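Given below, in the form of C-alpha cells, are the structures.
Two complexes, one shared chain (chain A), two partners (chain B, chain C).
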Partner chain A sequence: MKIGEVAVISQNGQQKDDFIRSICRKIDLKNERISFGKFDANDQLALHLYGLSIDDQDNDLSWDLISRKMLGYIVIFDWENQISLESIKPVVDNLSYNMRAPFIIIANIKEGKKPPIPSSFFKNKGIVLSTDFRFTFGQVNKPESARKSLRLLVDMLLERVNNF
Partner chain B sequence: MHKTYKIFILDKDTTYMTPLVNGLQKAGFKVICWEGNQKAIDIARDVKPDLIISEVDLPDFDTYDFFNEIRSIQQYKTVPFIFFSSQKKVDDRIKNIEIGIDDYISKPFYVEEVVSRVKNLLNEVSGIEKAQGQTEKGFSGNLTEMNLVDLIQTMELGKKSAVIKLKHQNSLGIVCISNGEVVDANLEDLPPDKAIMRMFTWTVGAFFVEMVSVKLNRRIEKSNKKLIDIGVRRVNDWEQIKQGLPPLSAIVVKTNSNNFEQLSDLEKELLSGIKNKVRIYDLIEQSSLDDLKTLELVRGLHQKGYLQETEDNYSHYVDDYLKRLKAQAHNGKSPSERAQAIVANLFKKETSQRQQRIPDRRQQQDRRKYGRRSEDRCNRGNPVYLTKAELLMLREALL
Partner chain C sequence: MPDNSDYALRPSEKLDVLYRLFRGENICDLIDNMDNTSVIGLQKFMWETAAEFGIISRKHNFSRKEITRKMKPTQQFQKEQNCDERIYFCKGTHCIHSNSECARKKIKEHIKVMSESIREYIETEQHNETFVQSTLS
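Let's look at the complex of A and B:
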C-alpha cells in the first residue's frame, strides 16, 4: 500500500484534532502534542495525517525531520483570535522559507459566522498567495469543509506534477 | 474659532433618532433631521451638511439613489456618508463600503460609538483638507512609511524650521523644530519630554509638516542626537513588546484570578485601575507610568492570564478588514485582487523577514566550509512521491 503523509499544524490542539477527525472519522493515536489519523482512499492508497500543536513557549518542532516525508502541510488558525494568527506566522515563515512542500492556511471560522471575504472571491482555489501556499476560510470540524481544504492541497500537488 | 459641523440625518425611527440627536447636539454638532415631507436632496442642498447619516431601509425611499445623487454634486463629493442598518450580514456591509460609503453602523448601536465615529470621519476629512492646503509650504505622509525619528533626522539634515503635526488614532500631537533642533512638543496635557516619547511609538497614522519659522523658548533640553538615540530604541522596544500581545486596538478585560502573589506592585496597581472592558491603547494612555513600561506590564499581565481579550474583538477585526477594503476600494483592482492583497497583508511581515534572512556571500562560504545547515537538510526532502494517478485517486476519494 502506498502512503502519503500530511502534517496538520495549529496553535490550538483542538483544531488539528477536529480537522483530522473530519477527514479520518477518528483519531488513531494521540499524545499531548501529536495526534495521528488514517484516511484510506482505497485498498492501495492511504493518507496519514499528523497533527502537531505549536505553542509560544516551546516552538521546537524538528522541522528537518518532519519535512523529509511530508507531501504538504495544513496550517490552521482561529480567524477570530489575533493571537492565533500571530502564533502561526513563524510557522508560515518557516514553511515558505525552509520547505519546498506546498501548504494551505485555513482561517477557521465558527459555525454560523460568515467569513468577511465573500466566497465569490475564492472560487474553488482559495486565495493564491504564492506558488507554495494558499489561504482559505473553513470550518475544520465540518467534514465537507475540511475535505475541500485538503483537496486544495492535492490540487497544488497535481499542479506540481503537471509542471514537472 | 471652531467650526460648528452640520449633520444631516435621514431616519424616521424615533427610538434611535431621539437619543442620537441628543448625543450629537451634546457633542457640539448642529443636527438636521429629515421628516420625509420634502425631497431629501432639496433639504441637503439647503442645509449644506458636513456629514450625512442615513438608514438604508427607508419606506418609499431609495437610499442608494440619494447617495448617488449627493455624490454627483461637486460640492458634496467628499462629504462623509454613514449608513445605518439592522442588516447584520458582513456581505451587505462590504457591498456598502465598496460603493463608497464611508462607514456602516449596525442597529442597535451605542450613541457614544456613533458620535465617536462621526468625529473621526470629520477629523479625517479636515485633516485631508488641511494637508491639501499645506502642500505648497510643507509636505504630508504616512507614519508607517516615515515615523517621527525619520522626520526629525530629515529636518536636522537641512537645518530646517518646521511644525510637525502627527495624527494617531484620536490624538493630535505637535513637534516644533527650529533650525533643525527639536525645541518643543505638545500632546494633550503631557509635559514636552513625555509627549515626544509617546509620539516616538506612533507608527500608524498621518503626519503633516508645515515649513514655517519657529520662534519658541526651548522646552526640550535633550539634543537631537540624544532624542534620536532614545527614539530608535523606543520604536524597537515597542515593536518587540507588541509581538507578545493582541493588537493594541483589542479590548481586554480582567479575569477572575484572585491570586496576586506572583504580581509585582506595578502590575497590581495597573490591574486595580481596570474597572471594566478597556482598549489596550486607552490603558496605556491613561496610565501615569511611562508608555513603554505600561506596555511591558500589560504584556506580563496578559501572559500570566490576568488580562484576556473579550469577544468584542471579532467586530474590531472585521472593522479593520473593512477599513482596508475601503482604502483599496477605488484603486482599480478587481474584488478578488483586493481580497488577495488584504490576505497577503496579514502575512506581510514574514515576507520581509524572509528577505532579510537571505544569507550573504560570507555566510555562504562558511556554509560550504562547515557543512550544510539544518534548513538545507529540510530542502533535501519533499519530492511529490505520489504519482499523478495516485493524486487523482486521492482527490476523488476526498470529494
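Let's look at the complex of A and C:
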C-alpha cells in the first residue's frame, strides 16, 4: 500500500484534531502534542495525517526530522485571534525556507461566521502567495470544508508534477 | 542589482498584509517598520494581489490601467518633490536605495491606491454574491 503523509499544524490543539476528524472520521492516536489519523482511499492508497501543536513555551519541534517525507503541510490559525496568527508565523517562514513540499494556510472561521471576503477569491485555488504557498478560509470541523483544503493541497502537488 | 525575486516578502509578512487588508486596516503603516527590500516586496505583492482580485472581480474587463490611472502621474509627483531626475528614474525600485524617503512616499501613495482597488473588487464581488443569493432564494 502506498502512503502519503500530511502534517496538520495549529496552535490550538483542537483545530488540528477537528481537521483530522473531518477527513479521517476519527483520531487513531493522540498524545499531548501529536495526533494521528488515517484515511484509506482504497486498498492501494492511504493518507496519514499527523496533527502537530505549536506550543508557545516550547517551540522546539524538530521540523527537519519530522518533515522530510511529508507530501505537504496544512497550517491552521483562528481568523478572529491575532495571537493565533502570530504563533504560526515562525512555522510558516520555517516551512517556506526549509521544506520543498507545498503548504496551505487555513484561516479558520468560527461556526455561524462568514469569511471577510467573498468565496470567489479563494474557492478555486486559494489566494496564491507563491508557487508552494496558498492561503484560504475554511471551517476545519466541517468535513466538506476540510476536504476542499485537502483537495487544494493535492492540486498543488499535481501542478508540480505537470511542471516537471 | 538584485532581481525581482530578491524583493519577495517573507510568507509571514504576506500573511500579515492579507490579515490587515481583509480587516480594512491601513497597509501603508507597515512601510515605516520595513527595510528597503521589504518595501519593494510589499509593493510587488500588492500589485500581484490587486491584479489577481481584479481579474476575479472584473474578469476579461480587468486592466492594470484602471489602477494606475488612480495614481498620481509621475511627472506631477516629481514636480512636487522638486526632483529633476529623468522621468523613468522615478521608480520605487530605483530611488529607494538613493533617496529612500522620497521613494517610500511614492510607494505609500501607490499602496494606498492598490488597497482601495482591492477593497473595491471585494465590495463588487460581495454585491454580486448577494445579488445571486437573492435571485436564487
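To be clear about the criterion, the second predicted complex is superposed on the first by the 163 of 164 C-alpha atoms of A that agree within 3 Å, B and C clash if a C-alpha of one lies under 4 Å from a C-alpha of the other, contacts with A are read in each partner's own complex, and residues count from 1 in each chain.
Going forward, a residue touches a chain if its C-beta (ideal position, glycine included) is under 8 Å from a C-beta of that chain, and two chains touch if they have at least 3 such contacts.
Computed from a prediction, not measured in an experiment: that's the story for all the values here.
Partners chain B and chain C clash in the overlay (superposition on chain A).
In the superposition on chain A, contact is made by A:N98 with chain B only, not with chain C. Touch criterion met: A:I83 reaches chain B, while chain C stays clear of it.
In the overlay built on the shared chain, the residue A:L158 is in contact with chain B alone; chain C does not reach it. Of the two partner chains placed by superposition, chain B and chain C are both touched by A:V128.
Between chain B and chain C, B contacts the larger number of chain A residues.
Looking at the shared chain after the overlay, A:D28 reaches neither chain B nor chain C. Contacts of A:L150 after superposition: chain B is touched, whereas chain C is not reached. The interface of chain A with chain B overlaps its interface with chain C at residues 82, 85, 89-90, 92-93, 96, 105, 116-118, 120-121, 127-129, 135. Per the touch definition, chain C reaches chain A in the complex via residues 8, 10-12, 14-16, 18-19, 22-23, 49, 52-53, 56-57, 122, 125-126, 128-129. Of all residues in chain A, those touching chain C in their complex are 82, 85, 88-90, 92-93, 96, 105, 116-121, 127-130, 133, 135.
On chain A, the positions that touch chain B within their shared complex are 2, 4, 23, 39, 41-42, 45, 47, 56, 63-64, 67-71, 79-83, 85-86, 89-90, 92-93, 96-101, 105, 113-118, 120-123, 127-129, 135, 147, 150-151, 154-155, 157-158, 160-162, 164. Listed in rising order, the residues of chain B touching chain A in the complex are 89-91, 94, 243-244, 246-247, 250, 309, 313-314, 317-318, 321-322, 335-336, 339-340, 342-344, 346-347, 349-350, 353-354, 357, 374-375, 377-382, 384-388, 390-399.
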